[in-house]
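Let me begin by handing over the structure; questions about it come next.
We just call them A, B, C, D and E in the order they show up, numbering each chain from 1.
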Amino acid sequence: MTIMLMISWLLLALGLMFFLAGSIGLLRFPDSFSRLHAVTKADTLGLGLLVLGLSLQSSWREGLLMALIWLIVMASGAVSCQLLARFSDEQPSESATQQED
Amino acid sequence: MLSFYLYLGTAVLLVGIGGLGLWRGPELLRRILALNVIGAGIFMLMVTLAYRPVMQGEPADSVLHALVLTGLVVAVSATAFALALLGRLLTRAD
Amino acid sequence: MSVVALILLFSMLLGIWRVLKGPALLDRLLTIQLFGSTGVAILLVLSKVFALPALLDVALLLAILAAAAPAALVQRLRQQKQRSRQRTSL
Amino acid sequence: MFPALLLVTLPLSAALLMLLWPRFARSLHVTVALLSVPLAGYFLQQILLHGEQQWLLGGWSPLLAIRWQADSLSALLLLLSALLHLLVSGYALAVQARDRLPAAFWPLSSLLLASLQALWLARDLFNWYVCLELLGMVAVALVTLSGDKALKPALNYLLFSLFASLCYLLGVALLYAGYGALDLPLLAGQLEANRLNAMALLLITLGLMLKAACWPLHIWLPAAHAAAPAAVSALLSALVVKGPLFILYLVWTELAPQAFWLPASYLFALAALGALLFGGIAALRTPYGKSLVAYSTVAQLGYATLALAFVLRFNLPEFVAALWLFVLAHALAKAASFLAMGELQQTLGSKQVSALKGASQTMPLAMFAFAVAGGSLIGLPPSGGFLAKWALLLGLWQSQQYFWLLVLAVATLLAAAYVFRVVVLAFDRAEPTAPDFAPQRLPQYLALLPALAVWAMALFSMPLLTLLKQEL
Amino acid sequence: MALLLFDLVLCALLLLLAGAAMLSRSLTQAVTLFIAFGVMMALAWARLKAPDLALAEAAIGAGLTGALCFTALVRYAKQPAYPQPALWRPLTFIGLVTALLLASLSQIPLQPSSAIPALVQQHLPQSGVSHPVTAVLLNFRAWDTLLELLVLLLALLGARQAPGDLPRYRGWSLSISWSRLLSPLLLLVSGYLLWRGAAAPGGAFQAGALLASGLVILRLNQQLSWLSWRHFWVRMLVLGGLLAFVLAGAVSLLLQDLGAVWLSWPQSIAGAVILIVESFATLAIAVTLTLLVVGEPKPEVADA
C-alpha cells in the first residue's frame, strides 16, 4: 500500500515538474512557435502523469473518468496546437499588426 | 476563518476593480467586461457567504448557490444582449 | 495534496506574464490554452483534496470546452482578418 | 390565487404564443390586453372587499418560498398597468402601418406587462432583482425597436440598468449576510442600525434610484425615452420607472430601521430638489419635443421623491397618499403627452419643438390632449396632478415646511413654463407647419383619453385618498 | 497551511487578471485576460465548495463569454486610438467606496443566523430531487428560475433587433472534422450533466450551456444551417423551456385542490415534473445561447 502511495507521489511530482517546465518554456522560449510547443506538449504529459498518480489513490470509476479527461486534453492539445499555428502562419504580418506594446 | 475574510476582501476588491474599469472605459466593450467583473465580485461575495456553514462542518448554503446560478444566467444574458447591441453599433459606424 | 494544487497555481501565475507581454496574439491564445489544461489539473487535485467527486465533472467540462474554444476562436479571428482586409481593399 | 396569477401568466404565455405564431400576434395581444383590464378591476374589488391577500409560491414555508402579496396599492398599480397597456396597444394598432412598428413590439409589450405585474406582486428581495433585470431588458429591447438611431441610447440605458441591478444585488447580498432571509415581511422590523445595513440600504437605494431615474442619476433617461417609438416611450415613462420606485418605497418604509429614516429623507429631499429645478429647466431648454416630455418625467419624479422623503421624515399619511397620487397622475398624464407628442412629431415630420408652430390649427385634437395632460403636470385644479399636489401641500403645511412650499411653487412655475412653451407655439397660427399627411383621428383620440382620465381622477378623489392613506 | 497559501495565490491571480483586463492598453489583451479570469473564477468556485457554480462558470467563462467577446472584438476591426483616460480621480473615488465596503464587511456575522439551510434539508425529501441546489432552483424558488429563463429569451429577442452581419468563411477541414468529432461528446456529456442534476451538481443550465458551446462550434464551422429563428421548430425549442414550465405550473394547479398555489408540484410527481421541465429548459437554453452567440446563418462566402 505504501509503495503504491510512494509511486503515486512520485508520479505527481514528475507531473508537476512538467507543468512547471511548460510554464517556464512559455516564459523563456524566444519565439511564438516554440512557446506553442512548450505549452501544448509539456502540459499534456504533465497532466497524464498527474492523472496516473491520482488514479492510484482513487477508485476505478474516478480513474476512468480522469483517463477520459486526459484523453480529451491530449487530443485538444494536438488539434489546437495545429489550429493556432496555422492561424498564425496564415497571417505573416500578424505579429507586426497585433503588436500592441 | 482567514480564508473566509480573504475571499470576502477579494470579492469587494473585484467589485472595486470592475467599478474602476466601468468608469474609465474608454471602449464600450471594456465597460461591458467591467460590469461582468463587478458581477463576478458580487457572486464571489455570495458564494463566500454560502461557505460560512462549511467552516462549522455543515453543508454549504444551497439557496445562495441557487441564487448565484440564477444571477450568472441573468448576467450572461445581459452581456450577450449588450454585446449584440455593441456589435450592431460598430458595424453601423463604418 | 494541496501543495500540488498550490504548485500548479503557481505555474499559472508564471503564465500571466506572457499574456501581459504578448507580443503576438498567438501568445495570448496560448495562455488560455495553458490556463485550460492547468485548470483541469487543479480541479482534479481539488476533487481529491476536498473529496468532492463532482469536481471531476467540472474538470471534464473544462477539458471539453478548452478543446472546443480554439476551434471557435480561430474561426472568429479569421473573420476579423477577412473583414479588415475587405475594408482596406474598399 | 387565480386572478393575480392570471394577471401575470396571461400576458406571459400570450407573448410566448405570439413568438411561436407571429401571424396571430396582434389578435392575441389585443385579446390579452382587453382581458387584463376587467381582471385587474375584479382583483382590485376583491382586495377592497376582503383585504390584503398573500401567497407563498410553491406552497413552501415562508422563509423558503417566494412571497406574493397584494394589498390595495398593488392592486391599484396592477389595474393602472393593465389600463395603460390596453391604451398603448390601441394606439400601436392604430399607427402600426404608418409608423412601421416592428412585429416584435407585440410580444415585447406583453412581456413588459407581465414583468411589471410580477414586480407589483412580489415581496421577495431576490425575486425583485430578477424582475428588475427583466423589466430593464424588455425596456431596452423596446427602445431598440426604433432602429439604428436608437442603438446608442439603448446601449447606454442597458449599461446603466445593469450597473443599477448589480448595486441592488450587492445590497441584497449584504442583507442576506446579516439576516439570512430574502422575504420582505419576514425581514421587516428586524434590521438593526449598523454599518453593514447602512451600506446595504445605500447600495439598494443607489441601484433603485438609478433605475427610477431620480436626479442626478437620470442621465440615461431623456435620450432613451426620446429615441423610442412614441408608444414605447409612453409605456416607459408612465410605468417602467415606477417599478423601482415602488420597491424603493417598500424597502424604506418596511425594511429600513427607523434610525436611518432621517438621513435618508435628506438624501431624497436633495434629489427631489435637483429633479424639480434642473429637470424643469432642462425641459424648458431642450429643442426636441420628445426630450421635453422626457425631462418633464425627470422633474415629475422629483415630486414623488419629495413625497417619499417626507414620508420618512414625518410619517404622515398625507405624504403616502401624495406619493401614489403623483405616480397615478403622472402615469396617465405622461402617457397622454408622449402619445400626443409622438403623433404631432410623426405627422408634422420633425422632432423639433419649433415645428409645432400652429399645431392647434393643424392637429387640434393632439394639441388639446397635450395641453390637458400638461394641465395635470402643472397641477391645475381639479386634475389628478392637482390632487397629488394638494395632498403634498397639506402635509407640508401640517409639518410647517415653508421652504418646500416655495420650492413647490417654483417647480410649478417651471412646469407651467415648459407646457406653455409648447402651447403658445401651437397657437401661433401665422405660418403653421404643414403636416406631411392628413392627420389620423383615432390615435389623437387615444392620446386624449388618458389626459381626460387624469382630470376625472378628481371625481374619485375621496375613495382614492382613503385607499392610499391606509397604506402606511 | 498549503490551502491558505493556495487561497492567497488564487485571490492574487484573480485580482491581477481583473485589474490587468481593466487597465490594459489593448482590447484584445483585455478580452484574453477576461477569459483567463473566467477560468480562475471556476477554480475559485471549486475551492469554495460550490461545484454547481464551478460547472456553470466553466461552461460560461471558458466557452460562451469567450466566443461572445471575440465576436464583439472582431467588429473592432481597427482599434480606434482612444486617449488614455485619467486614472487618479476614479481610483481615489473607487478606492474610497471600496474601503467603506470593506469596513462594513467586518460586521458580517461569522456564524450565519439563517434558518434557510436547515429548512432546505428538512423539505428536501418532499421536493422530488435529492440535490439541494436543484430543489431550490426548480421547486422552492421555481418562480425565479422561470423569470430567469424569460430574461434569457429577452436577451435573444433584443439581440435580434440589432443583427450584426459578419461574413462567414469555410473552416479548415481539420477544424470541421474536429468539431464533428467533438459534438457527439458534448451532447453525451450535457445529457449526463442533466441527468446528474437530480442527485448531484449539474442541471439544466450547465447542460444547456455546454450543449450551446457544441452547437456554436458546429455553427462556426458551417454546419447546422437549419438553426435559425425563422424555422418553427427552432422557435419551439427556444420557447419550449418556458412553455413547459408554464404548462407544468398550470397542470399541477389543476391536479390539486383549489387552495393550491402557483408552481407547487404535487409531491408524487414532483421528480418527473422537474425532470421534464429541466429537459426542455436545457434545450431552450442551448438553442437560445447558440443563437445569441452566432446569430442567423448567412450565405457562405468562399474562402479568400
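Things worth noting here:
The criterion applied here is as follows: a residue touches a chain if its C-beta (ideal position, glycine included) is under 8 Å from a C-beta of that chain, and two chains touch if they have at least 3 such contacts.
Note that the coordinates shown come from a computational prediction; the quantities given were computed from them, not determined experimentally.
Contact with both chain C and chain D is made by E. Counting only chains that touch, the fewest steps needed to get from chain B to chain C is 2. Both chain A and chain E are touched by C.
By number of C-beta pairs in contact, D-E leads when D-E and B-D are compared. In this assembly, D is the chain whose CA centroid lies farthest from the centroid of chain A. Each chain gets one centre point, the mean of its Cα atoms, and the points for chain B and chain E are 12 Å apart. Between chain A and chain B the centroid-to-centroid distance comes to 29 Å (mean Cα coordinates, whole Å). Between the Cα centres of chain A and chain D there is a gap of 57 Å. Counting partner chains per residue, chain A has residues 72, 79, 83, 86, 98, 100-101 touching two or more of them. Listed for chain B are residues 15, 32, 49, 63, 67, 70, 74, 77-78, 81, 85-86, 88-89, 94, each touching two or more other chains.
Taken residue by residue, chain C touches two or more other chains at 10, 12, 22, 25, 29, 31, 36, 60, 64, 66-69, 71, 74, 77-78, 87, whereas all remaining positions touch fewer. Of all possible chain pairs, the ones that touch are A-C, A-E, B-D, B-E, C-E, D-E.
For chain D in complex with chain B, the residues that touch the partner chain are 64, 126, 129-130, 133, 137, 140-141, 144, 148, 151-152, 154-155, 158-159, 162-163, 166, 169-170, 173, 176-177. Contact residues of chain C toward chain A in the complex are 4, 7-8, 10-12, 14-15, 17-18, 22-27, 29-31, 33-34, 36-38, 40-41, 44-45, 48, 53, 56, 59-60, 63-64, 66-71, 74, 77-78, 81.
By the touch rule above, chain A contacts chain C in their complex via residues 12, 15-16, 19-20, 22-24, 26-27, 32, 35-36, 39-40, 43-44, 46-47, 50-51, 54, 57-58, 62, 65-66, 68-69, 72-73, 75-77, 79-80, 83-84, 86-88, 90-91, 94-95, 98-101. The part of chain E that touches chain D in the complex is made up of residues 100-101, 103-105, 107-109, 112-116, 119-120, 123, 139-144, 147-148, 150-151, 154-155, 157-158, 160-162, 232, 235-236, 238-239, 242-243, 246, 249-250, 253, 260-265. By the touch rule above, chain E contacts chain A in their complex via residues 25-26, 28-29, 172, 174-175, 178, 185.
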